[in-house]
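When the chains are written out, they are named A, B and C in that same order, and each has its own residue count from 1.
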Amino acid sequence: MKNFTSVYDVQQIDALVKKALAYKAAPFKDKSLGAGKRIGLLFLNPSMRTRLSTQIAAQNLGMEPIVFNVGQEGWALEFEDEAIMSGSTVEHVKDAAPIMGNYFDILAIRTFPSLKNREDDYSELYIKQFIKYAGIPVVSLESATLHPLQSLTDIITINESLNASPIPSGKKPKIVLTWAPHVKALPQCVANSFAQWVNAWGKADFVITHPEDYELHEQFTKGATITHNQDEALKDADFVYVKNWSTFNDYGKIYCNDPEWMLTNKKLAATNNAKVMHCLPVRRNVELSDEILDGPNSIVTQEASNRIWAAQAVLSEILESKK
Amino acid sequence: MKNFTSVYDVQQIDALVKKALAYKAAPFKDKSLGAGKRIGLLFLNPSMRTRLSTQIAAQNLGMEPIVFNVGQEGWALEFEDEAIMSGSTVEHVKDAAPIMGNYFDILAIRTFPSLKNREDDYSELYIKQFIKYAGIPVVSLESATLHPLQSLTDIITINESLNASPIPSGKKPKIVLTWAPHVKALPQCVANSFAQWVNAWGKADFVITHPEDYELHEQFTKGATITHNQDEALKDADFVYVKNWSTFNDYGKIYCNDPEWMLTNKKLAATNNAKVMHCLPVRRNVELSDEILDGPNSIVTQEASNRIWAAQAVLSEILESKK
Amino acid sequence: MKNFTSVYDVQQIDALVKKALAYKAAPFKDKSLGAGKRIGLLFLNPSMRTRLSTQIAAQNLGMEPIVFNVGQEGWALEFEDEAIMSGSTVEHVKDAAPIMGNYFDILAIRTFPSLKNREDDYSELYIKQFIKYAGIPVVSLESATLHPLQSLTDIITINESLNASPIPSGKKPKIVLTWAPHVKALPQCVANSFAQWVNAWGKADFVITHPEDYELHEQFTKGATITHNQDEALKDADFVYVKNWSTFNDYGKIYCNDPEWMLTNKKLAATNNAKVMHCLPVRRNVELSDEILDGPNSIVTQEASNRIWAAQAVLSEILESKK
């Protein structure tokens, strides 16, 4: 593995999942793999799980992680080629990235979308510029349109769950990605990325449900059944992935905040006693009800805790490729 | 020791002090105790001594400390049960804490009081919620009403001082906690906690002095002599602990900023050549005069430097209990 | 070496350069030198290269670096003696520095000038107060008037370049420090410091060029040829160091932002195919053109990457002096 920015960087999802679960069983088994290596963790935006789990994953492999909050601790970066930098940006990625490439062995970067212009966000300029100029492997800690470490964690958690309670008669599990209400306009990354990975994994009956105007890009969803009828979507589901995202065509807005779309125990009754997932952070009683989050069907803590093993498997792959 | 949030978590103060002083003599003697263990240091508020000394203490024991500035680097947390999270908080402690519990072996947390509502602050909701949901040992790096690592340091420093210059004829030392002026409304934590620990230690003649309206809660002060007459309180003192705190009944205000309450050499003359203590940071020439802080009676640097050994003794106790 | 705040702390520049280049060839060769030692990195201002490279340098020597963003994570510091601290500063350097001195083995500090009062800035009060009160070696990560780790890196990079392509017939290289336009008033540190080090190194024909009003202090420039004619200065140059700084007499202002002073390929044609240097961050197409930065003459990445080896050589010298 050279970079890790989407499912297309993964040769074999099942092998990567297996690797992650092996680290969960024995976190320090490759403690010497990263000895004398350094990873730079660059945050252009806030992060909790991603920040902590990637540090821990790196340490488990014997690497030294160095965290850098780009805007707060350093300088605002410019990403546009040929920019005349007389505004608020202080340093161009063309100058910063190659230096990072000399300071570190792996570079990991979090950059949110602006939610102002879809073409700009979907061009993934920021992370592409880092890849172009850093000269070392780049790991996405969430980019403008994708969050691959989260999606790998999700697939790991679904696998764990299926290993513990296999679907009778070997049927494919039904996985439903459902939109949920929120008070703020949020990126489409987690939903895009989850769709991309479930489709690439290919072992599920995959349904996506959301109100009108909240489409996701077909490049990620192709292969899934899409419906505006949440009740129908939830029927017999084995896994329900809950997530808010903002509008697509009139990009990055909130049109509907219909509380009817919040998952409750009543809605859950239509499922096949489905496990409920969410990437977190979650707005309780807005996106997802207390009764679900505190109930027996929620696996959100297990999911978030698996972030360590997802990151560790990815870093391990990259370190092994560099040897 | 399971958690460390007040003196009630300590079985034997003298044994803990002895342990801390043993670490001061040989910082790395238990370097393997924390090998492969991680402590998360969560800061909801600023910190210098506590932040640095706890990191160092953890490293001295071979642990990996990971610092996380919750609001600045991540998401604002919600602590109220059943909250409908449509406001400014992004993540509930019920969701964040169990994940931290899976990421770390020990969790340490700093949370200041709001100083708006005494019942809320004195309920210690924040740290109690972390304890309830994290599932791992929790260490207070200062909470709404207490600062136990500071108080342990204070008792260590008083012991060191008494070991170096014992009180003639074996009399109990007289320890005075005196209120001092300040320009901002400050928490009552350090004063509460110092009172709680000196009373539990039980080896001092303990006097508290403050202007009217600056009472401390009886649950912490019970056993001490309390007076509004600072001159009388200081008479023959062996240790003077200087600290500002805000009003109690009409909670969290500044009524009096009387400069007469600032400790000076003239006031110190009434003491038994007392050692002067303060938790720091201190507003020079407002809370405490230059002449005292720069003079031979101040032991504030020794006191702050002992923060490492206090934290190391506490982390060591917790690691040993987990074995 | 006791402290490192200017070229005057260095006994032998050539030996230090040689040491740095030896670390570049073998980063971990002194991994045990700093074992059990800690360096505190205090940032009163933003930093990227200095922050990252000094952490890496310390780790390469086996030291544990602890980063502390003073104002963001802790308390605003007071530096004036006898201050009555009833304003916005919360802690005096007299109280903070000795504690840092007990927590760490080496203290490294970044403090920018105010650019409001030249006498104040040029007194270097901040770093001098830290040296006075910390009681341990102090390393400048850029102070009000100097940036010695940058200048050491610059001399290292010039040496590397001359080793790779020696000047024919053993002539001294011509080094030109040229002012460049900028949109903000910047410190004089990098220019002062570069002048100080090139003069102390003594192996160059050294020319400084800038518009009127942008003088540098003679204590740093003495020995250099100074001219307002950039074209004349650039003639036959082997190295061109590009940097903006603010006005000197009417201190800390921007008078001229003449784009004519920006280095372009046309101007570079007058040089002896000069290598172009800059400390970074650089405002592209304001301070320095894309065509230069992306062209074959720029050595800014090499220069910035050498920051690790400069810091490592300095920390190593200090550790060896303490043994």
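Methods note: a contact is a pair of C-beta atoms (placed from the backbone, for glycine too) under 8 Å apart; a residue touches a chain by one contact, two chains touch by 3 or more.
To keep track of the chains, here are their UniProt names: A, B, C = N-succinylornithine carbamoyltransferase.
Remember, it's a predicted structure, so these values are computed and weren't measured experimentally.
Participant: Same or different for chain A and chain C, where same means more than half of the interface numbers show up on both copies?
Facilitator: Since fewer than half of the residue numbers are used by both chains, the interface counts as different.
Participant: Which rotation angle, from 0 to 180°, best lines up the CA atoms of chain A with chain B, given as a multiple of 5?
Facilitator: To map chain A onto chain B, rotate by about 120 degrees.
Participant: I'd like to verify one number: the distance from the centre of chain A to the centre of chain C, where each centre is the average of its C-alpha atoms, in whole angstrom.
Facilitator: From the centre of chain A to the centre of chain C is 40 Å.
Participant: Residue numbers in chain B touching 2 or more other chains?
Facilitator: Within chain B, the residues that touch at least two other chains are 72.
Participant: Could you please specify the touching residues of chain A with respect to chain C in the complex?
Facilitator: Result: residues 36, 38, 40, 64, 66, 68, 70, 72-75, 78, 82-86, 90-92, 94-96, 98-100, 102-103 of chain A touch chain C.
Participant: Under the definition above, what is the set of chain A residues touching chain B in their complex?
Facilitator: It is residues 28, 43, 46-49, 51-53, 55-56, 59, 69, 72, 183, 280-286, 290, 293-294, 300-301, 304-305, 308 of chain A that touch chain B.
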